[in-house]
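Right after this note come the structures.
The two complexes that follow have chain A in common; it is paired with chain B in the first and with chain C in the second.
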Partner chain A sequence: MFFNNSNRSRSTLDEHKGDTQAAQAPKQIAASLESNIAYIVQMLGDSPDIVIRRFEIGADKRQVAAIYTDGITDKQTVSQFILQSLMSDDSFDPAPGQSLLDYVLARTLAISEICAKSDWDGILLALLSGDTIIFIEGCTDALCGDTKGGEQRAVTEPSTQVVVRGPKEAFTESIGTNVALVRRKIKSPNIRLEAYKIGSITQTNVAIMYLEGKADPSCVKTIRDRIHRLSVETLEGSEHLEELLSDQRKTAFPTIMNTERPDMVTRNLLDGRITIFIDGTPFTLIAPFTFFKGLISAEDYYQRPESAFAVQALRYAALIIALFGPSIYIAAITFHQEMIPTPLLLSLASQRESVPFPAFLEAFLMEVTFEVIREAGIRMPRAIGQAVSIVGALVLGQAAVEAGIISSAMVIVVALTGISSFANPSYNLATTIRIIRFTMMVAAAIFGFYGIAIFSIFLIGHMCGLQSLGIPYMSIRYPYVPEEERYTLYGLRLGAGGTHAQGQAAPQSSEAPGKTTDGSDP
Partner chain B sequence: MSKSSAISPTQLFAMIILFEFGTALVLPIGLTSAQNSWLSILLAMPAGMIFYWLLMYLHRRYPALILSAYIRQIVGPYIGLPIGLMYGIYFMYISARNLREAGDLLITTSYDQTPIVIVHAAMIATVIYIVHKGVQVLFRLGEIYIIFIIALGLLSDMAVLLSGTIEIRDLLPIWGEGVGPTLRSAYPNIFLFPFAEVITFATVLPHLKQNQAAGKIGMLAILASSVMLSMTHAIEVSVIGKDMYSRSTFPLFTAITTVEVAEFVERLDALVILALIIGVFFKMTMYAYAATSIVADVFRIKEMKQMAYPIGSTIFLVSIMSAWSFPEHGAEGTKSFTTIQPIFLIYIPVLLFVVQLVRQKFSRPSS
Partner chain C sequence: MRKTIAVLFVLLLGTMFLAGCWNSRELRNLAIVVGIGIDKIPNSEQYRVSFQIVNPHGASEGKARGSSSGEAPHIVYTSVDYSIFSALRKTTQKVPRQLFFAHAQLLVIGEALAKEGIQELFDFYERSHELRLNTSVAIARGTSAESVLKVLTPLTTSDATAISSRLKITSEIWAHNVDQDISSIIKQLAGGGEPAISGVRIVDSNSTPTSNLELKGIALLSKGKLAGWMDGRTARGAVWALNQMKSTNVNLDCGEMKNGISIEVIRSSTKVRAHVVEGKPAFTIKVKEEGSLSEARCSIDPGSKEAMLKLQQQLADETKQEIELAVQAAQAKKSDSFNLWAELKRTQPKLWERIQKEWPDIFAGCEVKVEVEAFIRRTGMRGKTFTQPQD
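Here is the complex of A and B:
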């Protein structure tokens, strides 16, 4: 597979080994088979899942060992194409001057990807990645055959980013599968894929993909530079990499987007963004990410522009409710009672009569309760989930109101706020909004509407200062894509579809991209 | 895109409108002309445009320099340096005045229990933060808030129209006492405030992305903002009448409190307060930014950001200490209209322009 291309991959195994192993550890393999096997056994701590299969080949009964890691190799490939082909062929006949190794490489092994290696770092890494290593007595090279395999999850429906109309496939944990899912949708030769290995211990495969001619070269360069600068021991999932690659750490806002949908990746590649695949997680990263982009859902591309626009407007409204809902209630009740129409004020006042807490404390209590229920709902085994919602809705909502601890208006406000925050298509952006909501409540409790206004300016000012790969976070449209214009609030050109081919930079890509985004699976 | 401190034409447009609105939206700017204030605004507009053209002219001669830097170029470092510094001080003073106006409106309307220091501190903290972030963040913020302000304006206008409190007759008679009072309120009052205040933009023009568009965009922004201002003030007068308009401290606020639609939408004061907070914020931040960049330029401070804190703190202190009460603050303002404002907003710029013309005329043959 492409991740074997070690010329570009960043192997930091050297440094790591320098820490843990004695300095006299050999860099190259020896000619003696036994010493090589002994070295591997010692290096890997006599691990039981390292399978060492010894056998003899050829007429001169040369000692050979095939070594692989159980579980991450495809056993059938190992036995069928390596062991069987080596052992069944007794008529070894290397041409004069041709070494046995070259002969085996050229004639015997019926496997698509194989190479000779002599450095221990490369061999160990290949072994631990699922390759089969063949040592031959007397040879100072070892053969590494690609036999990666083992148990993997199949491509299933996306579980976190569901759409009504659109492809029903999601990424898996395997980076190869994920790249293939995208490749299948964009058949342009301009797709560029660059593979890296990150983490001196985990050696995680990471790949960046972009569409040459569409992606901003400066963004590609930025991300490449940042990956090269990374010096981490481990890489756990996409969140970790997101944090490492972000422009700024001191912010609650996500400046890199994640998705588990291949069609979202396709869409964004065509728009000139860069995708980062990480082995071991179905969530790929997309950058540069701007705030307004975060409010576009995959669904928008599968609906008529009119309804997509309406839904989008609704989402903005939901965002505002999620952010300001409780704060406005607190401000109005505490500072600006005159703003509330008299009949409503009377009704609110009579509700709040028995409530012993100030509005802020009341809102705070309810919001925290809501967050606890939400958190519990995610972590809990599915069977109990229903019980939690009953407890949450009935016991905490109705009972608390009847007991006179909180007002029923507050329950409405909190429920509305909670639901609104889930209308945000970007889950991590919604989480950020929820955190900021609490700060906003404090501002409202101190200064009323003035506090909300000032804190909003502060907040939006903060967001205006953010960048994603050097692109301002609050760019209203970046990159400028005519097609996308009808989905963003700023330039609402309803029914301006059919301009898809504008600005096609790639001469041969025109047949593939147009189809993939219309909801028809290619 | 990669140039981090580049301002796009849209952002300039948005910012000029927000800046012109500032406090002018809420304060009774056409005091002497009462029901004709809307006309005064439109009459003052051409001069505002000419003034902006003058700024653009100077900017074209020195495209990479800010106000204080080209003052030094035009009149030489010995006179130029103190003039530049005085502009910095003047900008700080006006910024403080703006803060005081917002603070007093807030105190009189909803926050009578809150000390003015706290109200001002919250605002100045945000101003310092934004100035510290730099000019691009400020202008980007303006680009987002212009949408908000316009939505707010439409909403309020709609509410006022629907409530049926508009009495067009209040706008009559037009020029009842002749053209005199209307013109007198236009020049110099309305010309000075808000139109000539665009001089602060002379400190951001070098950051523009497309220099050639700045002139046209600025003119458009001035036109748009004066039409909207004129409309707002006409509505104010027609809702509360000319007497009330001249007497009240914040006529827009008084006007909006009379609105009642469908027995439900009433007391839209919060919208006005919001508009004022936003307007004042952008105006005083623009002034604070202008002061910061001028001080940084005059004292040759490389990192302009560092100056945000001292300048902000000074503005904060001045805003509290400059006057004991709002009437005193108002009296001071009226006095400044006849004394210091014309110096900074008319005499010096015109003088610069003349000197520049003369210099050009005499230096051309030699070069």
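Here is the complex of A and C:
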């Protein structure tokens, strides 16, 4: 695997162990097999899942040990291509001047990826990544054969970013599988993959992928520099890395996008964005990410541009409702009664006759209730989740109105706002919008529409100040290719009309050849 | 420092676009005023001001949550004082909530007050930030404003909304009344003419409280004082002269049968031209109208050109007659309710400057010509009426 022994990989194992064991730890392996085995046993604390298999090879019965970690290695490969091939061949006949190790490497082991190593750091890392280490008595090099395997989740349908029409595969927790899923879609030689290890303890495999010739070199450099500057002990997942790589820390807005769909990654690579794969999570990161991109769903590319545009317009409307809905209600009903049409005002007045709370408190109560139901619903087992939402909707909604604690208009506003916030295709942006909504409600309760306007000005100012890999967050279209604009309808491909000026990167995607020519912002 | 100034600037910039009330007021602490009535106390300088307030319990249209359905949909509070504003403030002694005027839709002026003059009423409307200038105005005909507001009308939550919506609808499709709002009345009073204000009267006043209201006629004011009423065809002539005709129905004679044919006027536009004849102003009112045959109770052949031309002529004659009736009625009361002064001021500013002072008298004597062009465009979904033998 490319994450294995690459010279690009950044090992920080030294720093980690430095203080405690540096004194007695040898850097290189010894010639004695027994001392090597003893060292591994000591280093890994005599862990029971480290399997040590001793055997003899060749006519001179040279002592050999194969060591691997149980569970993350493919046992069949170990026994078939390492043990069997080494033990069955008795006629060892190294050429003059060729060491036994070189002979084994060149002639015996039928493993595709194998190399000789002599430093302990590399050997331990390889062992804990699932490789099999072969020590030969008298050799000062050890062989590391790639036998990674073990139980892994299969490629399944995406669970969070579902589309009606489009590929039904999603990333898994294995970084190798994920990269392969993208490779399968873009067979361009211009794909660049750079592997890193992040976290001095976790040694998590991370890879960045981009399309040479499409991706902005400065963006690639930025992300490379940021990864190099990272010094963390652990990397817990894509959210953690997203936070570490963001341009700004003090913002509620996501400036790096995540997806579990290979087709989204493909599309973004073709548009010149950079993808970051993290081992152990099906969510890959995509940068640079602009705000308006957050309102585009994968589905948009599998529908006709006209209908996709209509749906997008709907999403913008939903965004406005999700952000301003309760605030406008509060402002209109407590500050600007004169702007409500008379029949509506009379109807609202009669509803609010029996409501004992101020409009803001009423709205706040209902919004919090809604958030609680939503939060509870996420982790609820599916069977109970149904019941909870029914109880939440009926008991809290209907009964609160019947009891005269909440006005029915408020229930409508809250329900509409709640539903609207789920129309946002990017889940983390929707969460941000929900947080801001509460602040907006406070602004509306204190200053009415004036408060909403002032808060919005500050909000937009803040958003305009944000950047994602140096790209302004509020860029309407990134990257902007003027000659392609006429083939698009608000960022969506119109027909198959586009011919690409920068033909070097034109991939032979079997899935949708026409789509790859669309260089505009998806 | 610069940043602070920039922030302050942005905050102040917002106030330019967001002028309005900033106090937070909860809806349940507001008494929503939908109609205001003003009467004069006889032999006194004081006004009796009535406020019609919606009762949210009674007006509730949604699910009644244990509210007593017997409650009146609206309540009228009355105060007496020397100015409208002080009467308004005085009312707070009687109303448990804060009065909220932004939704007042109707101003009713008592007939007695209208006869004494309405000019001084509107200053408060222009000066106040809460009252709206697009409030409809009506004069209580033969009764007081207070009793008009106290009437309970079916179909609506308050009779103030009932009257204002009636004004809008009937002036559009029947055109025997005009829907004047306060801003246009002020424009007339400030200029030189007289506003045309519709009258509203209580029909069937014996059977209170469910008696009904009816719009009736257009008031003729002279120097801001109620001088008389125009009714029926005269009132419609006034609507025509005011270029407010949208649609109406005109009955025409058909051979022997009186009023045997109905023509629906579907489009009409009026142009007023001012000339100077021998140093005196004279006017031409030009009407161009289109109608369609909506009902025929006698024999008429819509296929025949002669019959239709004759019908067009009849329609033009009838229109002309009605406008002339209105002009005569207005001239008799020296009341320029038709905006003729505005046209004169526009075309002959110097002459207007000279005669402005004695305009009502000059108006009464000036020559007004009426020219009507009428077209009948459609004859409905049928040819000859079915009682006629088809030939």
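The definition used in the following text is that the second predicted complex is superposed on the first by the 477 of 522 C-alpha atoms of A that agree within 3 Å, B and C clash if a C-alpha of one lies under 4 Å from a C-alpha of the other, contacts with A are read in each partner's own complex, and residues count from 1 in each chain.
Throughout what follows, a residue touches a chain if its C-beta (ideal position, glycine included) is under 8 Å from a C-beta of that chain, and two chains touch if they have at least 3 such contacts.
This structure is a prediction, so every number in the text was calculated from the model and none was measured.
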- Item | Combined model on chain A: chain C and chain B, fit or clash | clash
- Query: Given the touch rule stated above, what does A:V355 touch, chain B (first), chain C (second), both, or neither?
  - Reply: second
- Which partner does A:Q84 contact after superposing on A: first (chain B), second (chain C), both, neither? neither
- Message: Just checking: does A:T334 make contact with chain B only, chain C only, both, or neither of them? Give me first, second, both or neither.
- Response: second
- Figure out whether A:Q248 sits in contact with chain B (first) or chain C (second), or with both, or with neither. neither
- Could you look at A:Q28 and tell me whether it touches chain B, chain C, both or neither (first, second, both, neither)? neither
- Which of the two partners, first being chain B and second being chain C, lies in contact with A:I471: first, second, both, or neither? first
- Touch check for A:Y450: first (chain B), second (chain C), both, or neither? both
- Have a look at where A:I460 lands relative to chain B and chain C in the superposition and call it first, second, both or neither. first
- Task: State which residues of chain A lie in both footprints, the one left by chain B and the one left by chain C.
- Result: 335-336, 338, 447-450, 453-454, 457
- Listed in rising order, the residues of chain A that touch chain B in the complex are 216, 218, 335-336, 338-339, 341, 447-451, 453-454, 457-458, 460-462, 464-465, 470-472, 474, 476, 478
- Message: Please output the residues of chain A touching chain C within their complex, sorted ascending.
- Response: 333-338, 342, 345-355, 358-359, 402, 404, 408, 445, 447-450, 453-454, 457
- Can you name the residues of chain C that touch chain A in the complex? 10-11, 14-15, 17-18, 20-28, 30, 32, 34, 54, 56-57, 59-63, 65, 67, 100, 102-103, 105, 130, 132, 157, 161
- Message: Quick check: in the complex, which residue numbers of chain B touch chain A?
- Response: 1-2, 106, 110-111, 114, 119, 122-123, 125-126, 129-130, 133-134, 136-138, 140-141, 143-145, 263-270, 273-274, 277-278, 281
